[in-house]
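Chain nomenclature is as follows: A, B, C and D, assigned in order of appearance, with residue numbering initiated at 1 for each chain independently.
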Amino acid sequence: MSAVRMAVDVGGIKMKNPVSTAAGTFGYGWQFDSLMDVSALGAITTKGCAALPWPGNPAPRMAEVPGGMMNSVGLQNPGVRGFVEQSGTYLERLAGKGTQIICQVAGHSTAEYVSALELFCELCPWAAGFELNVSCPNVAEGGIACGSTPEAAAEVVRACRRVCDRPLLVKMAPVRVDEIARAVEDAGADALTIINSIPGMSIDIETHRSRLSRPTGGLSGPLLHPIAVRMVWEAFRAVRIPIIGVGGIMTGADAAEFILAGATSVAVGMASLVDPGASLRILAELEAWADRQGVSDINELVGAFEA
Amino acid sequence: MSAVRMAVDVGGIKMKNPVSTAAGTFGYGWQFDSLMDVSALGAITTKGCAALPWPGNPAPRMAEVPGGMMNSVGLQNPGVRGFVEQSGTYLERLAGKGTQIICQVAGHSTAEYVSALELFCELCPWAAGFELNVSCPNVAEGGIACGSTPEAAAEVVRACRRVCDRPLLVKMAPVRVDEIARAVEDAGADALTIINSIPGMSIDIETHRSRLSRPTGGLSGPLLHPIAVRMVWEAFRAVRIPIIGVGGIMTGADAAEFILAGATSVAVGMASLVDPGASLRILAELEAWADRQGVSDINELVGAFEA
Amino acid sequence: MPTPSPARVHDFEVVSNESIAERIFSIEIAAPELARAISPGQFVNVAVPGNAMSLLRIPLSYVRADIDAGSIVMWYAVVGDGTRRLSRMKPGETSTLLGPGGRGWSVPDSTTRALLVAGGIGVPPVLCLAHELHERGIAFDVCLGSMSAKTLVGAEQFRYLGAGTVCVSTDDGTAGLCGFCTDPAADMLLAGGYDYVATCGPAPMMRKTAAAAAEAGTYCEASLERMMSCGFGACGTCNVETTEGMEGACMCGPVFDASKVVVW
Amino acid sequence: MPTPSPARVHDFEVVSNESIAERIFSIEIAAPELARAISPGQFVNVAVPGNAMSLLRIPLSYVRADIDAGSIVMWYAVVGDGTRRLSRMKPGETSTLLGPGGRGWSVPDSTTRALLVAGGIGVPPVLCLAHELHERGIAFDVCLGSMSAKTLVGAEQFRYLGAGTVCVSTDDGTAGLCGFCTDPAADMLLAGGYDYVATCGPAPMMRKTAAAAAEAGTYCEASLERMMSCGFGACGTCNVETTEGMEGACMCGPVFDASKVVVW
């Protein structure tokens, strides 16, 4: 067995190992409970949720593309109260087993982020922290519109910071990463999750229509990986707060690249949809790699990339 | 045989069909002469070239990634005079056969773009137009630094516009596409080439070093395709000047998506490296598709995407 | 917490894989535990080896399960890269699937006579239901639609399972009536005698069938198709707009109470 | 305009494909036109089917060409996904390659005795050269290096082709001398009698060999390896820094005048 210490601290969220799940690709956790030992993960991040329920976008919401997939779910969610009713008991129990729960917060405007976060803080004492999704490519207002400029992103974070004293993460859009990272760090973010899906487009060339119900959707999967690793590295050099690396992680090696580029933790996305136990396989592979590097603590490898 | 008219006009460059080649993936044309009938293409764009020779980056300059490749050639070029000496006769002959020659212009600063362009204008009477590469991810100054903000890109274009009365194209970085498109249109660009390779990173997890001689490189290939199509559509709605769609075109269907999204013309990149005759196969497939759509002129399909 | 999906990851081995009509294949796979667990109207999400650019699994209904042989049979149309690769899998080749997924048919105990309306490659889950009706001793008639005789599947099997009438329609008239199977279905529903309708096929077909059933006042279930990423309720990509809001086809469906479906 | 690459796209068929040492395979492929066109030191760029995520071809040297049989033989080490897939190709399977690529060895007509220094999977192009020397009646000795006896290839073949001495070294001493083959090579060069040196193998090995040859005043050629995208001079990814500037390995090489190489 490996003797590498795997525990990491992501902006105050103490994870027993660096592997977590990407919002929207792991439901609310319980969906995987019969398929794997969820409590072996360092953390899970729950699907984005707003103060009030959102219906999400019409079908079709998914199209497969080479090397990945495109979705336009549009943050369908039952609202914070519905979320807590549905999944609160499960998540509280999971937190009790030492897997940190990060609840993702959605909104159409700064005010909506704040009111969702206030509800979360009130109703989810078991949540280790909250991730602000200012980068969803599939909602017309809010989402990516709130996360594509340093000013807009910082505004949301500043307002949220005022109402929340638990760790606040920011899910970053895949644009202007260094500028936005600096802006949200200054605004009080405790950690960054990099990156959300990249907006893409897939057209049915016979019907001349989008293969989704909206013109564009968000890309996930291996096709993102080299782009996401680069963005993590850019942010790592721009800020001091820790980073969760996300994008196309299918293997421990993919996760290791994020760690070397400066991520303290990683989150598995699409891989869990294809293969529900993927995150645990990735954790095992990551641990074996860390062991092979001859370190005693995985934190020694964070940002160990030699340019 | 198809009866679809395939000729297109890209900002004054009259192409007999919409298929061209992406800068840096087709050498100076003659490299393909023994492998395919280059003169069947609508246009070719030559590898970026500066006023004086550039050595490019050290080896390794290439790493393969899932769904594509990453390069850090760094615009190695023999300078405009060397280029003309080496390839001028061939390109002039090719132009005579009706394939338009677009010469790509490189520089580290506005002044360097201008002096390279002046040389090009003087020495290449056979060139149908010039493409300003303000988006190379592999040079430390110039390149992408000149193309990542609307202001910087517009400055280069304005200065170049003053010294050149032939069609000027701008090779766009994959960032802030609508803003930059508008800025360079206002600055006098005649057409846009969208997109250049996306900066990415690939780390050898055993050595902790980049798989290239530089930390980052430019991604090409199918992994770009849905992102590039989306960016073409964004630009199409932002400006009136025509667009050349580039990114991961491996088949006529991939090219057709660009046309529907608003590209008047397409350029084949990595596909030509894998399979030198790919551009002609893509042209044939594109023509067959246009025929199947029941149009008499491919221009009817430009931007025919129904949102 | 709601009930999680009953799906598990199962290894499977191809037993046979053969064309049964134009571009339609029947595949039998060995997966003993799955064969025991699955019930009519549920589906499996199959990993097809061979193209590393295409990562997602392919959702497929099943036609029948043989608990003794430890196998299930699926019929599928070759429509794209994934199903093409599936059609090339040879006996003995192995892969994995996730299943059983979702909620199948729930034919009320009180049912005396059912009408089954199936079109195109919507036949498999309906034929699967016919097996159940046969076992439960519930009488049924079938309206079966297809583009043409060449792509028609299931008629024999429905007859073999004791269907009262099997009314075949083809778009081009090469077998049975010329036209859509929804026309005879509407007539038969109006004529009465049914207390349950099940339908699967192209969206317009199901919509019409559901409307006819509603008109006749007969309870109707429909098996809907959506693009699916996970098949076990984790991603939210398979939504169906119902009178009770958005519901995931892979957990709340694929079989829905037709009167609840707003967008087919 | 400079001379374009002699490479063409050729179909090929696998004739045989077998392991000849630990993780090293020998593949014979039928490609008659290519077999006629290729010369020692040149390479081919092979499309290996089976992983749609990995698009580029794999550059490989060849060991010998048989014009009558219309085939060439290549030896390759299984180091990653592409070569692993290649090792699974079966006789009768087909694909395409681009070749012949680049500039091979140019042994001066005046050469009387050559020293060949090959290490690891650098053996193929050097063994190919030995065939040429044999045909041209030029005497040669060989210094052959490998990690261990298990990965050693070519010793017999060099002997069969009439090598004077074949001096084997292994890193672990399991065959021949224990150590690097560059040490005996340097000794032999110092002892004199050679008017040509050819080398291929790991970069440090070639660098040392070239330095020893320079010291002995003997003309030396080296076959360099670079990551290649196209293999026919179109992309500029295969650069070698030489005293005359950056030169592409796929057109100006892979065989270079060793005294020109700045970065190995």
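Miscellaneous remarks
The rule is simple: a residue touches a chain if its C-beta (ideal position, glycine included) is under 8 Å from a C-beta of that chain, and two chains touch if they have at least 3 such contacts.
Worth saying up front: this structure is predicted, and the values here are computed from it rather than measured.
Under the touch definition stated at the top, subunit A and subunit C share these contacting partners: B, D. Common neighbours of subunit B and subunit D, by the contact definition above: A, C. Centre-to-centre separation of subunit A and subunit D, using mean CA positions: 48 Å. Between the CA-based centres of subunit A and subunit B the separation comes to 34 Å, rounded to the whole angstrom. Once the centre of each chain is set as its mean CA position, subunit C and subunit D turn out to be 58 Å apart. Residue positions of subunit D with contacts to 2 or more other chains are 52-54. Each of the following residues of subunit B touches two or more other chains: 66-68, 222. Taken chain by chain, the contacts link every pair, so each chain touches all the others. Taken together, the subunit C residues at the contact with subunit B in this complex read 52-53.
Subunit A contributes residues 24-27, 30-35, 47, 53, 55-56, 58-64, 66-69, 71, 73, 76, 86-87, 89-90, 221-222, 270, 272-277 to its touches with subunit C in the complex. Note for the complex: subunit B touches subunit C at residues 66-67, 222. Only residues 1-2, 4-9, 47, 53-57, 98, 226-230, 232-241, 245-246, 263 of subunit D touch subunit B when the two sit together in their complex. Touching subunit B in their complex are the following residues of subunit A: 65-68, 70, 175-176, 198-203, 205-210, 215-216, 219, 222-223, 225-227, 229-230, 233, 253, 256-257, 260-261, 289, 292, 304-307.
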